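Sharing a structure here in structure tokens format.
Order of writing sets the chain letters: A, B and C. Residues in each chain are counted from 1.
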């Protein structure tokens, strides 16, 4: 911006020449180009066999298929009354109850996550394309893993697939795509499939422990999906760290261009709009579900405002930063997830969203670069959008468990759990903390081990020059090396000249 | 297009140089850069306190939560029978009834309006970003204002928030975003927040008068949202008019580029698809809601056709104009709004949509430039898409009130209104006209006063050189000054050379 | 990529000059520029009259408007039980049952098909714009044609329009838009409207024969929409074939640019996500609908995986091809359509999707160019995405009819058909085959005749230089001839130099 006229003219000329002259050393094809399709074909065949052996259709509810559960009413000292949903009597629920929210969540997974990651100037094909590949793979694999782990009935030797199960498969996909965000641009498709294969197993196991053994509440999956996905992904990113990531070339390719930022906003806004469906998707019909919608609606709107406030406030020139708007605006949806169906009241939702939006923007502005010093390079900033707000959510969950009148988890109405013993609300506090701690331990340990596996020469054929570069694995159109690279190449030229 | 070879070569060279050489004088940061975040933080704190004092959750209906209202059947002279919905017995309705349409409307607000405005070549970040900011702000503020104005119960000292209330907050956001369209590119974020703050109050007050005092019908909010939003915004634009808007620089930046037009089409098509949900969103369950869906579906499809017809017909070269296709195609949704749930019959919906599409295209082709002579500069053409079609809707409402058998507003089945006296259909005609007139008066007066406030030096730090320019308030990527500005700068160069 | 420095420098210079110097001969306006608007106005007037004469609103169901049909239970030899839906007792269904899926399908038609076709670098306005025009036209015309053909009641001299009918109008639009994909870029808007006018009549007639006379099952309309649309469009493309299509200019314009490929992915992903709604949209409530959702979800996920596998496997450099990812990934939705609500079990759905994804990718890689040798130029590759997977779907339907326990079409529970005689499952096999055969015959014959009509000088004013070129019929922004054409013009320049 501040160069002299002569410098600029010279730079322009050399740029014009070097655009054509300096050959960019693109990556050769992978060492074993057949490995990726062979691995996928093999897995697909195994999935077909497993589905053939044990998967059956679930059933739609008979009769009136929307019926409300019975309620009991609790009176609070301040005079308000709350109807309590008795989960033991929840009727089986079907398409009429779930379908609309299912499709919202489905769009979040494929459009939301997919386009959110297209901000990289030369990695748009990979961002939306690998998101598509990984999510489709996880849908299949999660149906199977969750089927065996949660729903297998020894009597019929089968597990059912119904509308609730396909929503849950989408939730699992969200966790894996969050991890994908941490390693975006630094992994090849084979590594992504291997990571997804392992992570589905660990994420499901962790959720089984948290939900079925600890009986922790986490209706919006902020712990089981967001915290797990973020710290698993960051642990993988730590293991795959390469100092070439801080090279000028890589950092240039890690930037956006004007229209790639607009594509990313498509993802952001769909995630924003449909987040109430994510948090209320499997909530109990009735007031629980209404609260999950209302709380998320208010919380995520508040995080939008605090993101604009903090983005402006912490900027030198008092300008907004697209990275914040694309990401931190959504932190309110994450942070309210664990307690979304509880009685946090509208102002509580607004406080949670505000704290989350501010924290997330601070994360993008200050914490992300600090993490990188510790060799954790977080491409999409998942620590800021999913990690820290998810931890907040877990902490809010622990805090709310102290208040059984609001968390609805007191001794009488504790949901039927595997042990079926009564539980005090202080015990619930402990179990909430245990669920959060277990999630962190399994995510980080699992991520480190997965990262070690991904570094095996069998999988790891990426070279730093291929980071954030679609050309390595995609056929690219003519303009890939022209129009879009102007800014990139001119800065490269400066060094060459 | 018709330049000689020599001229073009020369122009190209000077362009190439001047791209780098002539420094574009971008705006300095706002005078008081802390004012915007401080204002927003203050408002956010007030909102939290108000919600804390008086906002409670609403409740989901108990028992079977989808039940149809009772109907009575009216026979018409021509032998057809119509079931009449008795509003007094409408059961309380919940998520199962509203959620799917709520999400459609939510997408219209954030994706539809947001991307519709990205057509400006250098203002895409602001278009979608400020839309996001303003809409999120309005959701919070509208929940509170509407809560106190429509729903406050002195007994419990609270107002409820349920699924119907969050839909209504989205409707209010639509009105403010329509006004935003009129002043797009000519206002800073502080001005937008101040405008939104005032407009929510006035829009809600006007709707309270029209709905609760006049008992006018306007199921798709064509008067209360579209007419109000458009003429409020145009009045603000009139007050903020600056002759620099007609400078060559500003007019160049007011144009689109190829891909910005495609982004705008994302907005257009989502608005088109989901408009039936907007008009039927809060319609009474049963045949009223079915008519609202069917009438809107037919009307908006007709306005698409008439837009293509008129865009071609009124063009010198008989070509289609993207501005028309992006906007006028939707006029059928606005124009049918007031009477969408009435018995206008499918051919009536088709006539309404056709008239609206033609009128709106004529507005974009001829009326927009005329308005500008009167110092009303309408960036997005909201007069053509929302203003005039909204007036049409109001007039169709008045006409239909003359026909009580079709409007369903005769003496027996008049909805229970505040006065609870009987009302002849001719009185209803008068009240419909009064609602339309009041809307215009409050919108224009309010807009003028708001415009005066926005011109206060406290808020108004914009300079014409920052019009339609993301760089003033956003951190922009490297290519912002390069690829996208080619056409712009070459035309500037012509003048410099 | 492999050019010497000198060559490249020279090429760059000549490009820079020729960008401005060589005037591109754009098409003159159509011979009779009034013909297109006049034709559309005339048709719009006719539609208004027909709707006025005979269209009435349908009705929402009275009472509890979601009720499940009765079921009977069938036991299979392997011990599983299946509840059978008795279609004769299906209650009338309304908005609560249909609306959410209707809107998904609506988005598929306008966003999905529209943006999928924006991949062409200089034809984005036309792709999304004509899609919008043609789809809106078809909605109107299909409501009328289907009304007279399927629903006309002589007693009331009217046909009803309700939520199910507007879904069906969207299905008809899908067929016409598939044909549009085959002729994309080679037809003017007048030709598209004429084609749509004829095709709606033929598609509806064919579906009437297949559904009402043959009583074939095809819940996802794979035969009646996908096969019909694809082969009708290919027959039209064959009749309009022009050897200029293989010219260097045309082939250059037929390519994508980086961001046009990303816009196309918006279309792809919405189609992917909402395909379960397409296949289950009009399925009988209850287990049939659940199966339609689950089978489509699994099948289309499998076709994503096989597309990535085959795209990589059949590529020389083992890279992914965006054309495959944009299209073949969806083939699983088509191929499972005919049997989506039958008991094919999850592993069956996975096999169907896998076969379809592989076949479709093979089609794009190998068969598309072969077809072109036979003068069938298929712009979007509809043979690969809709034609061949649709034929697969028809064949799977025939196969399943052999297994009445799984197809649910045995002698006792055959749906009430026009003849109301009993039918063996072998007869059903024959009728399924007859429906597929009839579809092919009517589509191809109708397409050839329509192509002949479109070649009449009255309609055909396109010149090959206008192929894939928005400029012919659209006002284009400044950068249309600049930034986007760089790659195109440089390759043209090579030939000129």
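In the analysis below, contacts are C-beta pairs under 8 Å (C-beta built on N, C-alpha and C of every residue); 3 or more make two chains touch, one makes a residue touch a chain.
Keep in mind that this is a model prediction, so the values were computed, not measured.
Contact with chain A and chain B alike is made by C.
Of all residue numbers used at the contact between chain A and chain C, under half are used by both chains, marking a mostly different-residue interface. Chain geometry summary: the mean Cα position of chain A and that of chain C are 33 Å apart. Of all residues in chain B, those touching 2 or more other chains are 64, 66, 96, 100, 259, 266, 483-484, listed in ascending order. Considering their complex, residues 16-17, 19-21, 29-30, 33-34, 36-37, 40-41, 44, 47-49, 51-52, 55-66, 94-96, 99-100, 103, 106-107, 110-111, 114-115, 118, 124-125, 128-129, 132-133, 136-137, 139-140, 143, 161-163, 166, 189, 259, 263, 266, 473-480, 482-484 of chain C touch chain B. Partner chain C is touched in their complex by these residues of chain B: 5, 8-9, 11-12, 64, 66-68, 71, 80, 83, 96-97, 100-101, 104, 121, 255-262, 265-266, 269-270, 272-274, 276-277, 285-287, 289-291, 293-294, 297-298, 301-302, 304-306, 308-310, 312-313, 315, 317-322, 325, 329, 343, 345-347, 350-351, 354, 483-484, 486-488, 491.
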